[in-house]
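Both of the next two complexes hold subunit A, though its partner changes from subunit B to subunit C.
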Partner chain A sequence: MSSTSRARLGEEVWKLRTDKINAELVTLTYGSVVAQLCKDLDGDYAEVNKQLDKMGYNIGLRLIEDFLAKSNMQQKCANFRDTADVISKVGFKMFLNITPTIANWSSDNKQFSLLFDENPLADFVELPDDGKAQSELWYSNMLCGVIRGALEMVQMSVDAHFVSDVLRGNDTTEMRINLIRYIEDEMPQDDE
Partner chain B sequence: MLRHRQLPVHSLQSSIIIIIVISPRTADTSSLGLLIGIIITTMVVYAVLILNKAGGLIYQRDFNPGLQKLSSNDYLILAGTFHGVHAITSQISPTNETSSSGLEVLESENFVMRCFQTLTGTKFLIFAEPRQQNLDVVVRRVYELYADYVMKNPFYQIEMPIRSEGFDRHLTSYIKPHQ
Partner chain C sequence: MVVYSFFIFDRHCECIYIRQWLNTASSAAQPLSRPVTASSAATVATSVAEKPTSGSRLSIAEQAKLVFGVIFSLRNMVKKLCGPEDSFLCYRTGHYKLHYYETLSSLRFVMLTDIRTESLKSSLHQIYVNLYVEYGKADIRAQHAKHVQLKFTKMSVVVVKNPLSPVEHAGGEGVNNELFELGIDSFVRTID
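Presenting the complex of A and B:
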């Protein structure tokens, strides 16, 4: 499947097969989850990042089935570059209606970055001015967990983390994804 | 992507399913193009089984009489055995392709079985009458229902047996719409 036909597939699934809800509801719900975590964990932002990632992971384990059923993908990706293309053009398109740019491939084709020109989760957000949040909190960290969980279900162990965020005053919002290995044996995964 | 609308009409043992295919490209413009394909088919599905990626049986349900009743232990053995056979068949592909989808269809005089393995390793088995057509469409739809009503239930534990009323209900209304 070529890159353009993937873009078309993402567009079609988004238009025809996805139930839509108000974007503000999603933004506000996500915002209140993060804000509540920050409060509950007393501003321990490292722990907040971890919890968001864990929640995302549990979403990813489930979301992958919806992704496969709706997109009707039956072919495994030939390589990690294909995987990146599918994540951006089909995955993000059908769930968030955005298409992050793929950039900064490592020479061994095992690491790439997703650059988010827009991020529906972070509309209206300004990080708290407590001197820590700006440097410690990765506000959209749930997305990393979603990708990690979803790829784990299709036999790819990856590490995903943010390296920059416009909320922190960086120029771009960039997520780094690193392929650790392909999982060969099909063992059941534990729910975290 | 095509949108299917199914209108089942019950007549004796068989039903006629009219599929109206609306092309999204023409639907967007003023010239609405309708392609009507009429497929006469018998919707007699005997049973649906779902196997998790380890070969454990997580769902089993009979919809129409025709299959032998097994004890729950035998169903587990059947699932485990099939899982093994499937693993073997995916390894012994006679072509040069490095990977094979493994066993997909099993036909016999009295039934046909369709297996669909998702990329996550979950297997869907459908047993139906030998005349039953379009089983791949049926199995895709069952997968969609599974993705919606099983996986999206936050209290469902992944890889565990499925006890979901919503899934049961939607599956029944899809497979036996006229009853």
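Presenting the complex of A and C:
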């Protein structure tokens, strides 16, 4: 499947097969989740990042089935570059109506970055002005977990983390995704 | 068309759902009075009808193991012979036909039918999309309202999107629910 037909597929699924809700509702709901976590964990932003990632991971494990059902994809991606293309043009398009830019491939084709020109989760957001949040909190960290969980279900073990965020005053919002390994098919247990 | 039985295996090679219909002479598939599911298979194994194909008495749980052994080997053989893009769709013997569909998330759907049945690949895909992931069809939902007194007839969740269902379905947990049973029943009638 070519890159343009993937873009078309993403567009089509978004238009015809996605139940939509108000974007501001998503933004505000996500915002209150993060705010509540910061409060509950008493400003321990490393722990907040971890919890957001974990929530995302559990979402990703299920979201992949919805993704496969709606996108009707039945062929495995031939390589990790294809996977990146599908994540951006079909995955993000289908669920958030955005298409992050793929950039900064490593020479072994196992690492790439997603650049978020727009991020619906981060609209109207200002990080707390306590001197720590600006350098410690990754506000949209749930997205990393979602990608990690979803790819794990299609037999790819990856590491995903943010390296910059416009909320912190960086020029771009960049997520780095690193393929650790392909997961082998599980073998049935020998019960004889 | 006669449907004999239906199995779902997860990525851990575990059987998470079994359904068997009695092999009657009529063309309509007659469901057992009490559906057999993976979790209860061990206790009801002795009372289950004999295997439709050979007439020998094999418990449904043993059947499931054999079926998995066959599809697992066949699938691996096909992939070795023709490359990872290929997959097998069905095989038939003198007495029955086995249809196979595997999702990218390594869920395997298997249906045993009589030999005259056409390919069920798309039907199995429909079961995955419309029944396993969610109910897409309002008419099936309306049928439920008639069958069972459900308080939440608009609830469009069955297995994957059901917030109460676990991600891993050890012993058939989560898959073994009334909505899914009824959905499979009415779906099998429509493909008759």
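Some notes on this structure:
The rule is short, and it goes like this: the second predicted complex is superposed on the first by the 185 of 192 C-alpha atoms of A that agree within 3 Å, B and C clash if a C-alpha of one lies under 4 Å from a C-alpha of the other, contacts with A are read in each partner's own complex, and residues count from 1 in each chain.
To be clear about the criterion, a residue touches a chain if its C-beta (ideal position, glycine included) is under 8 Å from a C-beta of that chain, and two chains touch if they have at least 3 such contacts.
Everything quoted here is computed from the prediction, not taken from an experiment.
Of the two partner chains placed by superposition, only subunit B is touched by A:Leu16; subunit C is not.
When the two structures are aligned on the shared chain, A:Val26 is found in touch with neither subunit B nor subunit C. Contacts of A:Val166 after superposition on the shared chain: neither subunit B nor subunit C is touched. Once chain A of one complex is fitted onto chain A of the other, the partner contacts of A:Leu61 extend to both subunit B and subunit C. In the superposition on chain A, A:Met153 makes contact with both subunit B and subunit C. In the overlay built on the shared chain, the residue A:Met73 is in contact with subunit B and with subunit C. When the two complexes are laid over each other on chain A, subunit A has residues 61-62, 64-66, 68-70, 72-74, 76, 153-155, 186-189, 191 in contact with both subunit B and subunit C. Across the complex, subunit C is touched by residues 58, 61-62, 64-66, 68-70, 72-76, 153-155, 185-189, 191 of subunit A. Considering their complex, residues 11-13, 65, 68-69, 72, 84-85, 103-107, 125, 128-129, 132-134, 160-161, 167 of subunit C touch subunit A.
Residues of subunit B touching subunit A in their complex: 1, 3, 24, 52-54, 56, 99, 118-122, 140, 143-144, 146-148, 151-152, 157-159. Subunit A makes touch with subunit B in their complex at residues 9, 12-13, 15-17, 61-66, 68-70, 72-74, 76, 153-155, 186-189, 191.
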